Each structure stands twice: as structure tokens, then as C-alpha cells.
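Note that the chains are named A, B, C and D in the order they appear, and that numbering of residues resets to 1 at the start of each chain.
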Amino acid sequence: MMYSFQNDYSECCHPSILERLASLGTQAFPGYGTDEIYAAAAAKIREAVGCPEAAVHFLIGGTQTNLIIIDAFLRPWEAVIAADSGHINIHETGAVEGTGHKVLTAPTEDGKLTPAMIDGICRAHTDEHMVRPQMVYLSDSTELGTIYTKAELEAIHDLCRNRGLYLFLDGARLGAALCAEGNDLALTDLPRLCDVFYIGGTKNGAMFGEAVVIPDPSLLPDFRYQLKHRGGMLAKGFLLGVNFDVLFTDGLYMRLAAQADRMAARLKEGLVRLQIPMLVDAPANQLFPVLPNSWVDKLRRDFAFEVWGPAETGHTCIRLTTSWATSEEAVNALLSALQECVS
Amino acid sequence: MMYSFQNDYSECCHPSILERLASLGTQAFPGYGTDEIYAAAAAKIREAVGCPEAAVHFLIGGTQTNLIIIDAFLRPWEAVIAADSGHINIHETGAVEGTGHKVLTAPTEDGKLTPAMIDGICRAHTDEHMVRPQMVYLSDSTELGTIYTKAELEAIHDLCRNRGLYLFLDGARLGAALCAEGNDLALTDLPRLCDVFYIGGTKNGAMFGEAVVIPDPSLLPDFRYQLKHRGGMLAKGFLLGVNFDVLFTDGLYMRLAAQADRMAARLKEGLVRLQIPMLVDAPANQLFPVLPNSWVDKLRRDFAFEVWGPAETGHTCIRLTTSWATSEEAVNALLSALQECVS
Amino acid sequence: MMYSFQNDYSECCHPSILERLASLGTQAFPGYGTDEIYAAAAAKIREAVGCPEAAVHFLIGGTQTNLIIIDAFLRPWEAVIAADSGHINIHETGAVEGTGHKVLTAPTEDGKLTPAMIDGICRAHTDEHMVRPQMVYLSDSTELGTIYTKAELEAIHDLCRNRGLYLFLDGARLGAALCAEGNDLALTDLPRLCDVFYIGGTKNGAMFGEAVVIPDPSLLPDFRYQLKHRGGMLAKGFLLGVNFDVLFTDGLYMRLAAQADRMAARLKEGLVRLQIPMLVDAPANQLFPVLPNSWVDKLRRDFAFEVWGPAETGHTCIRLTTSWATSEEAVNALLSALQECVS
Amino acid sequence: MMYSFQNDYSECCHPSILERLASLGTQAFPGYGTDEIYAAAAAKIREAVGCPEAAVHFLIGGTQTNLIIIDAFLRPWEAVIAADSGHINIHETGAVEGTGHKVLTAPTEDGKLTPAMIDGICRAHTDEHMVRPQMVYLSDSTELGTIYTKAELEAIHDLCRNRGLYLFLDGARLGAALCAEGNDLALTDLPRLCDVFYIGGTKNGAMFGEAVVIPDPSLLPDFRYQLKHRGGMLAKGFLLGVNFDVLFTDGLYMRLAAQADRMAARLKEGLVRLQIPMLVDAPANQLFPVLPNSWVDKLRRDFAFEVWGPAETGHTCIRLTTSWATSEEAVNALLSALQECVS
């Protein structure tokens, strides 16, 4: 029996989404997100974020969402600022550059940008011989499983206002961030703090889908043109509607995220007990323990996970990710296996 | 009761796909199409097209597939040739140009390119002050529901070989083409005639998905890089695998297409009987009757369809599309309504 | 002795420009157009067009200028409208598409757009599945040597205002247009009629250079970023300043254009006298006579010109272009040669 | 009297180029580099680099040359490796990203890449979720005035061969590099070590122009298409021919570079004598002394130079650049002024 901690998008989807899909039968819907389910889901998102005037668009996946948003906001000579470990900088095969925009990066230890980092990049870009930084990209939770506090996000927001930068929050793992220990941000904080953000479905129980929220739609009235232009408009838009309609009914979205975080917390507790060092102190659904290589080899037999990279001599940092579908049994099995390694 | 002839991607999907999805439960799969279902589906496609060495990639939708393929094959200064009514020219919001490539077009009445048209465009592009035509894009069936015969496609293929052009066949509605009356092409003809083509799922019973086939993978060894670079790599690639694995089991793909065509043929028979003129003689699952405007208004009450455009004074061309889910009842209802208009 | 009617950019430049360059000696200038000569030339342009608040930028050549301007004004999903014979559509190797934008075209006989053509294209682009037309590109004089009257340009301007389109006038041959018989436009009309236009130097006596005028600079405050981003900012910007400073001193620019037109008029008179048909009735510095192929072959021995394309059986359309440097002797020689062919 | 050490492209050009231009009179040339002077200049370049089969193209300026070359060689998902201080990374307003390609950087102290840096970047880019490094960009001399030895360049070349990377040498200041103390590279070494390189004219006495050399033209048979596509083809190509024909007659190119280096060496000697620290040990025509801020303010009155950036508290690093036109008088004046500051 193989247990997977490889990712939070390894399973099909929460069963209630499949049930809803099955209930559609051969009902015919208008295309491209002009149907009623799509509209209903958008309305639920607007309510959940407390922003009745927001525009809500459903996209399919993260890389597509990132490139579409960034390219929609920026002019050709403008650049986006990200942590050097940011998904757009490393793991999207140059998708943002593919739309013509440079990604400016600051080195970070924990994957989190600070106002000082952003300000430093802005100060270093002084004239037309350099790109103009015009947007800040951050993710919550980050690539390293860390999260932003409300005060941190507010400070970044303030700097962005002062410098005239757009603030874009990639929420591919927003549920896990908002349910993490120590989090004091709420969905309803985001519309006033961000110019655009998205609520990730793929990594939190949806079959697929990311819900983009633009609190002030006048910033981007033509977003649907850009969606189509970049190949991101799904013919059967009602499928995206179904996913988010189900997730934002009866609080399912947050319940799934909380479950993933709960399993991660339990796992973390065990790692701490076993005195296993971790790359960063991550409170959400991703953990980065550093293990002797021999342990890693042993674990591979029964567990799936990502190798994050080499650490101190003879050690490797791995990534353990929990999802709404992670069972206590899996967590216990992993901790037992580690216990055996230790002793 | 509203009957829809609006599109062939209006319904969720064939029930056997949903059943297969439900059977996955919380099983965890590796990401991005590296799982076994994806591999199995690719193998079935290779078998279906009779090309064991082909590379098969599953993408999500048509516009994305078109822009990813065209941009992967062409160098910056190269252009693609299409019918002026071609999907990439009109209905993709400049997605191909968005990747930097010009679309060169020939006017057509029936949506079909001919060797003479292609040759004419090549002859007109003589030097480095003009783009270099390097690819031919055609779709089967076309935007106007017409289809290519084997002889026609062979003639285009021969010209492409002689002129060193890539031939790309957009098969978003390939099933409907291959099951149409008068068709003499088979899936197994395509690998020798095309450099790249795709087998459309979205418009033939899949929840979503297009199966790209590259008969000679050495032409494009890095296609997965391009997939990711343009935002087209689905995290849960196994979902695409499920769709095509089911469609290519027990001939379901062709059975669904045949059903759509059968309903269209029945509808066409009725239109002919009622002496209603049509824009073109289309044998697949799209029909383009030209109706008095008053009829169109009447039909709107009970039927969904696309308005194609104004025709002779007081008339409008509409598009009626059938799908695997179109019922005889719907066809009969539409023909009755038209009968009433006539009398 | 070979006489050239091949182009209006065949000669180095007017001698007074070389003199001015020679006078610079080893004087050192600040780079990238931040020097005093550049500023002085810009001031002269502002005065010549009667628009003290205009932004003026000097670029090197036409294709570069077109791609930089169009891409600066448009968002990714927006398109530019041009005559099908427009330079950006045919003779720039897809440079505009290279920046991601579709060129929408209307067929014309004389190379001139009309409000009806523009309106038709706008009406055909109705939703987000198609590009959004957002700019009109026209050139004066056109690729076919024809010119716009004030009334014609005003009508296009009015339509653009009503439809919210930018109007961009490519003035690579603006001098020849403004000095042509029948012209009633003046440089001072352009700032109120166009959102952006340029005054061509390359084809009117400059060594190189095009003067871009943006009457309302708030439309594009970051133009210098775009200039650099697209590789169009000349290190020795003062050279561009010198060219336009000289051309816009003592009316040299218009005098050179008038001389080119005078030679073309003389040539045209002779062609008419010889009853040689022409492709269009072009009043500026380009003529398009249609000649028997045998004549074309004979002319080739002593004259350089462009072959425009095949005409009626056994005939060819050629292009004869005059410049500020075309001599009466050359015109007379060509007319004599044609006279010989006729008799 | 103001002395300029601001740049090596501050002056018009060497007088013999102006003389040659003046000698052209109103002679008419074919356009776009198809003339005899262009061909003759290309032949001289081929001879100078000892590579009779090389393709030679003349472009206008550096940023344009960089973006055109890099985009011509790379596929959409491929990236170029550069030093973090590289011109393409900092000072080109994202021009390379504007063509869709990521610039991957390694931090350096002296502006020079090493095989280890390049190898490290390649090792970190392991799969299709990241860009594929496909080209190495370096400049000789570098942004910091340092130069590559033959052994260093050979080592990079060997790594590139092993890893299948293209090697592109930006020679905007190639003359200054080859004439610098300690240099052991020759023009004739470059064709075997680089896949593409250019010999800078703008910064070494030309009015403008960069000579691109592609030793194996089969790598890029369509380079002229790309030139035009990106707006880099000069209508009056013969002007570029004139510049390089003159520079590569009687060794003028190397003589001008040697003169610039001689002046820099004299200046450096003086700086060392005055015990003024420098950012790096740069042997070519750029020096980076670190001065107390009060000295910098004093120098500004009589000398033009670039401020490179803040250094230790109260100090600033400035850049002093010499050119073929820098006089001994200017060097002496600057050293005297510094002497005064010291005492």
C-alpha cells in the first residue's frame, strides 16, 4: 500500500462535485461561462469575499492564471516583482516572460516578500533603460508553505499604493493559508488589500479551477478578451461553475482546507517529536523536513513525496504535502516509518 | 421545454466518463500527465491512428491547442496559412498572433483550403520583407461543417511536402468529419498525411480534452516544455487520460460521432424536404439553413442555436449543431416547428 | 549611366546634413536623445506641427516605428485596422504580429481606407471571441502613392472618435503627400486629427530617422521605455537630432519633398502624353505605369525601378519613385526611352 | 571646458567615415544591405575574423542586436544565461523578455561568467516545469570593463559544446577588449569559439553599427527575415557598409580601440599612483574608481562621467570611459583634478 504526500492535486475531486456533475445529465448549457451555474458560483465567491462589485472569472489552472493576469495588467516594458522562489520565477517554464514581461526577484529564505525587498527593487530601477516594476506577485501560502499575516500583507499593500504598484495574490493554496495556525487573514480582507487575487480550487478539492477576483473591475474591463486571447477560456465554462458552486456551498472550501492543514499539523507534531529539522517553519499543508539520504531511500518504498533538493552533506530536503483527502492512517504510517528510521 | 442545437459542447460528458471518474475515489496520481491512465489513453490513441511511434499529448481546449502547436513549430518570422473562415483567424481573439505569428488567409466559400490557394499565398511571399509561410492549418470538419476527401487532403499534403510546409489538421470536430456521409478518410490516414493533428474530445462527448498526435516526435521533442510555457499543462493530467481512455475503449468515440451525424442527417433531410436553402452543403454535424427573419424569431422561443449572420434581405443564416446527446425528439420538434413556419 | 527610380531612400542624404555632422568634430554628447540638438529638433517639429504640448521622439526607421507605436497603444487582445496593401500588413515580415497584435484588413483599390471600411470591420468584431479593433493605421501618401484629402481624414478621425479608436498616421512619405497636387492637408492639421503620427525623414533627404509626434503625451507617458524595450533607442540620439534639426530649418523638409513631387509630376505628364496606363492616379512621388513586358526588359538596362507585379497578359506594373535627388536629366532620359518603346 | 569620460559613444564618428559618406554624393544604392559597399564590408569582416564561410550582417545598435540574435536562436521555452550584471539583464528594459525568453543569471563580482556558473544553472534546470537553458550570453569586454582570456573563453566554449548550448559573444566593446593589456584573444579565435558574435562599431568610432558574425550560417539561414521582423533592417544599409568598410580598412578599427585603451591605461596608472581604490581591476577602456562623495561633486564641474552606484559609507563608485577621441589633455586634466582632491 502506497501513501501519497506528493501533492494536493493528486486526487480527482471531492465526491460532492462528482455528484453535482452527474446530476447534470444531458442538460445543455450556453458556452464559455455565460451559463447560470457559472453566474451562481461567481455570486457565491463575491459573497464569500464580501465584495459585491467584484468581477469573478474562473480559470483552469495556476500557470495559465498567472500569465493571463500579469500580462493583462502590465504594459510591454513593465515587470512583476516576486520572491526568487516564486512559482512564476521557477516552475512555470518562463510563462510570464513568454508574454513579454520580466520577473524581478528578491532572494528570500522563507518564500515571503517584504516591503523592504520590494522597495529596494523599485529604487534600483530608475529610468527607461531598465524595466519598470509595476506589479507585486506573492502567493499565500508560499512555495515554502509559509503564510502572510494581516499586518505583513497590509504593509505590502501600503507600499504598493505609495509606489503605484498593482498587488496580485496567487491563492493556489489560499485555503491552506487561511486555515493555518497563526493566520489572521480572512477572505474578506483580500478585496481591500489586493488589486487581483485568486482562490485556488485545483489544490483544494476541486476537479480543477481557480477563481480570479478583481475587486475593482474597472481596472480590467476586457478580462474576457484576454482570457480567450491566451487560450484560457473553457468551452464548457459551466464545469468551472459547478466546481466553485459546490465548494462555496455550506463552507466546503474551508472545511477541506482545514482538514488538509489538520493532517499537516499532526504530521509536523510528529516530526518535531522526532527532532527532525525542517527547512522553514511552515504552518499550512506543506512541510519540508531534512532527512539523511538513507531515510529518504527507505521512505520511497511506501510513500510518495517530492524531493526538494540536497541539504547539508548526506541529507536531502523533501516536501510532504497533505490534502483534503489525506487520511490519519497515512500520517500515522509515515510517522511510524520515520520512528523506525530514528531508532 | 427548450431544445438545444447551439453547440456540440453544451453537455457535461458521456455518462461512462463520469462513471470512470467516480471509480477513482481518492486514489492519488502523479501530476502533469505522468500517470498510468494518461499513458494508457495515449497508447490507445496510437493504436487507433495506427502509428506506434507517434507522440500523443492531451490538452484541454481548442484555442490553447492551436496556439501551442503553431507557436511550437514556427520561428518568429514564419506564418501559418488558413482559410479566411478558419477558427484561428476569426474566433480565437488573435491567440496565434499573440504568440507572434501572422495568419495568412485565402477567401473560401466552403471553408476548405485547396492546393491552389496555398500555392498562391506561397508565390506571393517571395522574400524577407514578407513573412515566410511555413505551415498550413486546416480543420476537418471545417467551420462550415464541410469535410475533406482523402484525395483533397493528399493533394494538400503533396503540396506541403514540395514546398516544405508543415501540415496541421485541427480535428476539434474530427469525429463528425470521419462519420459524415461521403467521407473516405480514416484515422489511420492522418499520420502519413499530417505533421501534427488533434482528435477533439470537447465536441464529441468528453468532459474536455483534445488529443494531439505528432506522428514523427523528432519534429518536436520539447513539446512538453511548450505545453507548460503556454499554460496548457493540466496539473491533474490523469483527468485527460480518463476522458480519452474511455472514449477510445470499444469504439465509443466513433459511435458518439456517428450518432451526432445521424441526427444532423435526419435534420438535413427534413430541411431539404421543406426546401429550405442552406449556406453550404455540409455533411457532418453542423447545418447552416437560411431562414426568413420571422421564422428565426419564432424558433428562438423553443430552440437554442447560433445566428451565423445576415443573408439576403430579410433572411438570416443560422447554425444548427447536433451532438452525441441530441435526441430524435429534439430533431422532430425542430422540423415540426419549421413545417409550421412553411405552411 | 544608370538612372535610379527605385526608391526615395537610395541616396545618402542632403549635403547640408553631412555638413552639420562634420561640424560636430569630436564634441561629446549625452546619450539616447538627452542632448541639446535632439531637444532643439523636437522643438522645431512641435512648431512645425503647431502643437506646443506634443511629445516628439526620433526613431530610426519605418518598420521599427510602426511596431513600437502600435504595440505601445494596444493591449494584448487588441488589433489594428489597415488597408490590405498597408505596409504593416505586407512588407514588414509580420513585425506587428511579432508584438502580439493582429492586423485586420480591408481590401482597397487605391490603398486608402474609408470610414465605411473601418466601420464594417468594427461591426464584424462583436465580442470577446474575436480581437477588439482599437487602432486605425493609415499612411499618407499610401503604398500606392495616393493621398488623403482633409475631408477624408476628418471623416476617418470622426469615426475613430465615435468608436473610441486610436488614429495612427504613418508619414514615412508625408512630405511627398503634403506637396502633392490636390493635397489640402497641412502639417498643422495632423495634431488635431491623429493620436499619433510620424514625419518621415529616411524617404525625404535625411540620412535616417522618423519623427514621431504624440499630440497628447498623456496618452503614452512611458514611450521612452517602449523605445528601449523594443530596441529602438539610438545610443547616439544626437544624430537623429541633427537630421531633423537641419530638415526643419528654413523649410528644407518641404522643399525636398516638393522637388521629388515636381519630378514625379513631370514624369507623369510624359506618361500620360505617351498614353501609358497607370494602376492608380497617384499625385505624389510614386507612379505605377503598366507596361508591355518587352518594354520593361529594355528599360532595365539603363534604369533601376521596382517591379510591382504582373498586370494584364504580357504586361507588368512597375513602380517609379522620385526623390529630392532625382534630376530632370533622369526624368528626360526615362521619358525618351519610353518614347522609343512606343514608336 | 568640459571633458567627457561619460561614454565611448558620445562623439559622431571618426572623420574618415564622414569623408567616405561625403564622397557618395547623390549616388543611388539598392536598399536593405543588398549593395556593393555592404558586401565589401562584409568581405572585410570575414577576412578579419579568418572565416570565409561566415555570414555577416550589419545592425544598428546593441540592444536591438541582442534581442534579434537571442530570439532567432531560441525556441519559445528556452532561456539565455548571463552574468547578473549583463547588459541584457539590467540595461535593456526587458528587451529579451519582450521576445518571450527568460534571462537566467549568475551573480558575479567582475562581470564574468565561468563554466561552473553556467553548469550550475544547467543542473538546476532539470525538467519541463522550468525553462531550458539553451544559450550563453557574455560580453567582452564586460559591463565592468573586465576581459576574458583565451583559456577562459575556451573553457566556456567546451562546456557549451558538451551541454549543447549556443555561445553568443556581445562584442559591443570588443575592440577595447582585444587591445587591452593581458588580452590573448584575437578576432580570428572567435569563429571557432562562438556560435555567433558581434563586433561593435558604435562604441569604437563608427557613426553607428554592429557587425554580427555567424561562423556557420546554416545555424540561422533566415537571419534576414528575423532582422526585418524585429524592425532591425536599415533601409539605407549601405550606410552600415560604409562604416565597417572604413573601420576595417588599414586596421583602423584596432587602432581606434588601442587609442582608447591607451588613454584608459594612462588614467589607471594615475589612479593607482593616487592610491584610489577601484571596484574591479579592469584593463580595457572603462575604469570604476571609488571616490569620496565630495570629490565626485567637485569633479562634476569639469568632467562628465557616469555614477555607477553607492559604495562604502560616504563614497561613490563612478565609471570613467575613454574612447578613440579621448585626448591626453583630458586625461591629464582629470588626474590633476583628482590630485587636488587628494591633497
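FYI, contacts are C-beta pairs under 8 Å (C-beta built on N, C-alpha and C of every residue); 3 or more make two chains touch, one makes a residue touch a chain.
From a predicted model like this one, the values you see are computed outputs, not experimental measurements.
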Taking shared numbers over all numbers used, above half giving same and below half different, the chain C and chain D interface sides are same
The larger set of C-beta contacts, choosing between A-B and B-D, lies at A-B
Whole-Å distance, C-alpha centre of chain B to that of chain D, is 50
Taking each chain's mean CA coordinate, chain A and chain B are separated, in whole Å, by 33
Residue ranges of chain C touching at least 2 other chains are 76-77, 92-94, 98-100, 128-129, 131, 225, 228-230, 233
Chain B contacts chain A in the complex at 4, 6-7, 9-12, 15, 18, 21-22, 24-31, 60-68, 92-95, 98, 202-203, 207-208, 225, 228-236, 238-239, 304, 325
Interface with chain A, chain C side, in the complex: residues 32, 71-72, 75-78, 99-100, 128-129, 131-132, 222, 224-230, 233
Chain B partner, complex, touching residues on chain C are 76-77, 79, 90-94, 97-103, 128-131
